[in-house]
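The structure's right below; bear with me while I get my questions together.
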Amino acid sequence: MPRTIKKRSDKAGLPPGALIHIGEQRAENVRIKIVNYDEAQFQELEVSNVEECLQFKDKPNNTWINIDGIHQVDTIEKIGLYFNLHPLLLEDILNTDQRPKVEDYGDYIFIVLKMLFYDDQENKTKAEQVSLVLGANFLISFKEMGGDIFDSIRERIKNGQWRARKMGVDYLAYSLMDVIVDHYFTIMEKIGEKTEDLEEKLVTDAQREAIRSIQDFKREMMFIRKSVWPLREVVNIMERGCSPLIHESTYIYLRDVYDHTIQVIDTVETYRDILSGMLDIYLSSINNKLNEVMKVLTVIATIFIPLTFIVGLYGMNFEYMPELKVRWAYPAILICMAVIAISMLAYFKKKKWF
Amino acid sequence: MPRTIKKRSDKAGLPPGALIHIGEQRAENVRIKIVNYDEAQFQELEVSNVEECLQFKDKPNNTWINIDGIHQVDTIEKIGLYFNLHPLLLEDILNTDQRPKVEDYGDYIFIVLKMLFYDDQENKTKAEQVSLVLGANFLISFKEMGGDIFDSIRERIKNGQWRARKMGVDYLAYSLMDVIVDHYFTIMEKIGEKTEDLEEKLVTDAQREAIRSIQDFKREMMFIRKSVWPLREVVNIMERGCSPLIHESTYIYLRDVYDHTIQVIDTVETYRDILSGMLDIYLSSINNKLNEVMKVLTVIATIFIPLTFIVGLYGMNFEYMPELKVRWAYPAILICMAVIAISMLAYFKKKKWF
Amino acid sequence: MPRTIKKRSDKAGLPPGALIHIGEQRAENVRIKIVNYDEAQFQELEVSNVEECLQFKDKPNNTWINIDGIHQVDTIEKIGLYFNLHPLLLEDILNTDQRPKVEDYGDYIFIVLKMLFYDDQENKTKAEQVSLVLGANFLISFKEMGGDIFDSIRERIKNGQWRARKMGVDYLAYSLMDVIVDHYFTIMEKIGEKTEDLEEKLVTDAQREAIRSIQDFKREMMFIRKSVWPLREVVNIMERGCSPLIHESTYIYLRDVYDHTIQVIDTVETYRDILSGMLDIYLSSINNKLNEVMKVLTVIATIFIPLTFIVGLYGMNFEYMPELKVRWAYPAILICMAVIAISMLAYFKKKKWF
Amino acid sequence: MPRTIKKRSDKAGLPPGALIHIGEQRAENVRIKIVNYDEAQFQELEVSNVEECLQFKDKPNNTWINIDGIHQVDTIEKIGLYFNLHPLLLEDILNTDQRPKVEDYGDYIFIVLKMLFYDDQENKTKAEQVSLVLGANFLISFKEMGGDIFDSIRERIKNGQWRARKMGVDYLAYSLMDVIVDHYFTIMEKIGEKTEDLEEKLVTDAQREAIRSIQDFKREMMFIRKSVWPLREVVNIMERGCSPLIHESTYIYLRDVYDHTIQVIDTVETYRDILSGMLDIYLSSINNKLNEVMKVLTVIATIFIPLTFIVGLYGMNFEYMPELKVRWAYPAILICMAVIAISMLAYFKKKKWF
Amino acid sequence: MPRTIKKRSDKAGLPPGALIHIGEQRAENVRIKIVNYDEAQFQELEVSNVEECLQFKDKPNNTWINIDGIHQVDTIEKIGLYFNLHPLLLEDILNTDQRPKVEDYGDYIFIVLKMLFYDDQENKTKAEQVSLVLGANFLISFKEMGGDIFDSIRERIKNGQWRARKMGVDYLAYSLMDVIVDHYFTIMEKIGEKTEDLEEKLVTDAQREAIRSIQDFKREMMFIRKSVWPLREVVNIMERGCSPLIHESTYIYLRDVYDHTIQVIDTVETYRDILSGMLDIYLSSINNKLNEVMKVLTVIATIFIPLTFIVGLYGMNFEYMPELKVRWAYPAILICMAVIAISMLAYFKKKKWF
């Protein structure tokens, strides 16, 4: 459950806009990749020093600055200084506990997204926060970790045959969002397979730990839902919003991202319904098992308890029990008991108890 | 569950608008049927070559191009090229995982629908995606599979006595939607019959697998709901939408489709409620069965355990047990036990245990 | 469940506006009653021929045509022809599977309502569809069956002292709606009594079939809700709607119908809550019964099993069991067993097991 | 449950606006209290005759007419006549089955409220309907019963040092609403205490009738919710409504009533959640009890059944059972059985079964 | 549950605006701290006498008056008099049972907040009401108790390097709200830890009292939800509201508070879901335990009851039972019984009963 809420109490009492990194601490260096392009040219470089970003600030063509790692607060602070970003915005970038949201600061638009990935070691879905700052001719993207998810986009810009060269940084921002949302489907497929496995197991053999697995899945769904749900609103606002930073030609693309987001949410809801159905199956299977156990006990006990009474009867030591002297009494009693047992079995058979 | 989410992960990383067919692969050829008509004349032909569609493009009278099969990407691509369709639109046609939706592209309106049909082999409802592109004087419809569902409409146009000859392609688009929505009622009737069967079985004999059937039905409902629910919004948007492509005289017809859609959704909700009621019946019947089993055990055990104690008592080997010598002791004991047994039976009878 | 969805599949494939009667087939003749009135005069006649309606069409005073029976399609068709009604409207009149709705066709307003009545034979609530077509100075009402529900209104108009003589056909339409909605309360009272009976039975003796009764009631509620709920919207639209056919002075009356509708819906919701409470009572009573059964078994078994062991002990045939020879051993053992039995009973008494 | 729906079926078939009293019949006389006041003077009288109200109608200063008892239809009818009230309004006053609502009739505003009181005899919450008619300089209040709830307000006006003398009848109307809403808190405290008692009992000793008490509480909550919930809307409408009858200076007071109403609704919701939690506790306690019963049975049976087998073994009458002749066999067997019993007890102890 | 509803019945019957303190009574003195500042200067003093506040009223620079303790009604009354506050506002300050809300009185804005803190003694979350009155150049804050939560803000103003010196009292009001909301995260972490502990215990050993703990947690959540949820609306209104008292530059900060509030609410919802999952685990674990108990009983009983019958059989005293005389009969019977016992064990093993 540490995933549910991150440690934010350190912040209580600090002035608003105080820059503190909330999230996993990392040792790796922050990596900064810059892409500068327009229809005519393309330039790509990886800088180690945040000051080098500055030179691209006032260039007329499009600049995309991608920052992998937000654990070095001073890097973020400098970027904020150079590009004139609001302190609250910087605070939000550093606080990896944000919900997806969009905020229009006038000169730039701030977008927070959650990238989901599946951690095979811990066997659960995790989220990485991606923040985008979209200006008139620059886009700055902040990621918590490295990873090659944006490489394909960089490649496409480089190849030049792509729309983005013509369409401005708002289209680039869309492309990043599109990549992230497309990735959700991969996660959903993974979850889908795991759910099927669980269901298979539930049907063949409802183990006691199944309830735990179901609950774990439920939380997984809650986690994904929480990460994806607000995104719907984000894209909606961007689409309707009349910021001059987003060109009308990009709207149709945003609508596409919106559609995909809705689809992911639909799938999450479907899985939630499926999981609650599994719970019903599980609970009823516990009761069914109890029924089965009780039937075994009842069949055995009901057959033998009367018989035991009969044999006890003739084990009494009364002096005057005339039947004890009768020669055929013993076989007669045996036959009689067999009849009782068989008729009881027939009764249970009729009741479909076994 | 493969139905719940289709394999989309192949697309992750591709540029937006990349044309990849997501859905079942088919071997059959794509079939293209063209109908060209106005009030005065009617022409119908089936072409094998997508280029032949082009000649109808600039004709002043109405053209309906129906394409059965979307698995040949290049066909779709060419259509897109000839009719100047947006790449994202083409992507949506190929991706059979869309929710029903409507998008106004200015020169044309794009509508995605789900046609439901019942697969008797697999014994479950399936959906086929139908995409419509409605232009000023043309309508292009894309279906995943062949099938004769639109034949009746073609026939009606041919016979000429029908409104569609006068009313333009928007009325034609409505007619297609109407046919699809009318078909939902057939599905609902099928489901209704199956639900009644299940309920019948549940009441007469609550088998263990009933819970599975209930869950399967629930998913069926979820699936249908997911396919039909957004359609409500689609028709709503079209009705309110002020696109010049849809004439005011068609609005009243769209309202009719809307009404039918609401009715289908109502029925789905009703079935969901009924199914959850069935679950309650099922769960309580498990418990009732346990009760019954336990009553049998309790009646038998409660009667015979005390009797067994009594016969055990007189089976003891103490030397000084005066009653053993008494002549009438044995019959007295027998009578005494009979009295105990009968009074216990009376007690259970009174408690309505059997 | 045949009530849940009517057979509509016959319609699939037919052109929109095709007139087919969906509903119960009847043999009785269609009956047409015409009332023509204004402040000064009143005329009432029952015609057998639909053509006779035509003479009233262009009269300046108010005309109310009531048609009992919609199973003769040609009658409806003729009415449609004479009064210039839209084909889709006629289709909706014939299709008794409509939800309550209101549609403004400009020259006339179309209203669909559900009249509920309680079928004592089948012991369940049924609905009859009532359609109203409200024109400038005429009102046509269509009912599935005969019945005297509108007679009181006709009487009131005849008596002349009533508002309707002054207020136009919109007030008449309101009066019909009012009668129908007032009738809902009668149904609710009936259901209320039945619910009380069921609850009484549930408390005194939770029979196995109670779960079925609860489910039946639930469906009854679902059915009524489905019939009444959309009516709320209908009256709302009429009240707000700025159709010139409805005079402002009638608005306050429509608001009254609206209030009554809300009250019925409130009551339905209350019953749903009560029914779900009953389900809880029922389920817990099953478990309580099991508890009771098990307590009886446990008390009996726990007392006699140890005693049976003891008597078995002294039934062993060892040669050297010195206590068997002791004179007072037998009574001592008897006393000892009585003590065990009594102390166990005391223990169970303390635990409040009986 | 008679409370859930009142007998309204008498009304079905009557013309709208027909005055029929729906509610409890009373024998007491209707009492009419009139207060006439402005900043300068104050006059209070109790009249027996409704005609006497008339003299105050056209006086320029404020008049408050309070009517205790609505079971005499002619009184209400006369008031309606004198003050020119709409027939539907009068119908609503007489029908005590109204939901709280507000209606603006232009010359006057009509407000329906529910006053809750706790009936200690029947041990449940009941509601009394209070209707207010707010005109330009008069306020007429109708109550079902007598009672002193409004006396404090009359007193305050009399004492003269109170705002109401200056602020007009809209402030007076607010004061009445405020008194009624304040009274809800008293009811909620009563319910709160009873809920605590029930919970206490549930924890110490979950009796079988607890489920009934929980359900009774749930209905109490449903009843209060139904009475209070629409009030929220009422005050909201009055606050926003631009009727000239309500002065702007009164708005802030209405907002206060609104806040209190929300608080009551919040508390009701809280109790509903608490009650559903109690149900969970109750159900799990039933199961826990069953567990306990079964553990006792199992411990006793599991210990003694094997021992009984052993003693039965040596009770067999075979001629050649050499151990029966051995001198130390009997004590050895006794020790052996003691070991079995003790080790079983240890096993159950380890499993924490007792 | 005393927390659920405070004693308000004392107020019923009093005129609106009557000042009565509803909440815990305290003995400590009310403490008043005044901070007066602008960009150039800073002054801080603690006064014992409420009259001393008056001197700051008309100063042009910013004044923050913080009042710790609201149990002395006359202090609040005087403040109200000096600063011209509405009686209803004062009533709300004294009534600690308010929901968070904002009210615009024109000259000042009134804000009610709930500060949450965790009471380690009683082991539950509690709320303290904080009321803010925001005027043109003054802010008055009322707290129920002392406590140092606002000290950090006072410190920051003093240090002077902080925005608040420039930005006016609306920014100060925001700062107080921010501190309170930041504190919620600390509470959520505490709750998070406790939930994890509970879950741990639930999995390892589902005690009977677990259900109580779960219910207690649920109420904790309900309580926090009730305290935080309306805050969302409050900040929303302030942000959109066009009061001249809040400068546009503060809007972005309010949006930040809004975001944090949403995050807290999200977490509360998550915990509610987790708790309902725990309930499922608990309930199924009760049933699982019962299953286990029954299996032990069934295994033991099923093995020994038939054997006991057999030994009883040969304990009968019939004269003619030839097998009793056979030499190898006894060992044969022993072997036979061992075979029965072993095969039964094998059967249960196969069924995975132990």
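In order of appearance the chains are A, B, C, D and E, and numbering begins at 1 in each one.
The rule is short, and it goes like this: a residue touches a chain if its C-beta (ideal position, glycine included) is under 8 Å from a C-beta of that chain, and two chains touch if they have at least 3 such contacts.
Just so we're clear, the structure is a prediction, and the values are computed from it rather than from any experiment.
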{"item": "Steps needed, at fewest, to go from chain B to chain D via touching chains", "value": "2"}
{"item": "Whole-Å separation of chain centres (CA-atom averages), chain A against chain C", "value": "42"}
{"item": "Intercentroid distance (Cα basis), chain D paired with chain C, Å", "value": "26"}
{"item": "Per-residue overlap in chain C, given as positions that touch at least 2 other chains", "value": "283, 287, 290, 294, 297, 301, 305, 308, 312, 315-317, 321"}
{"item": "Arrangement of touching chains [line / ring / star / complete / other]", "value": "ring"}
{"item": "Partner chain E, residues of chain D touching it in the complex", "value": "152, 156, 162-163, 174-175, 178-179, 182-183, 185-186, 188-189, 192, 195-196, 199, 203, 252-253, 255-256, 259, 262-263, 266-267, 270-271, 273-274, 277, 280-281, 283-285, 287-288, 290-291, 294-295, 297-298, 301-302, 305-306, 308-309, 312-313, 315-321, 353"}
{"item": "Footprint of chain D on chain E - complex, ascending", "value": "1, 4-5, 7-9, 11-16, 86, 88, 91-92, 97-99, 101, 103, 105, 208, 211-212, 215, 218-219, 222, 226, 279, 282-283, 286-287, 289-290, 293-294, 296-297, 300-301, 304-305, 307-308, 311-312, 314-317, 321, 324-325, 327, 329-330, 333"}
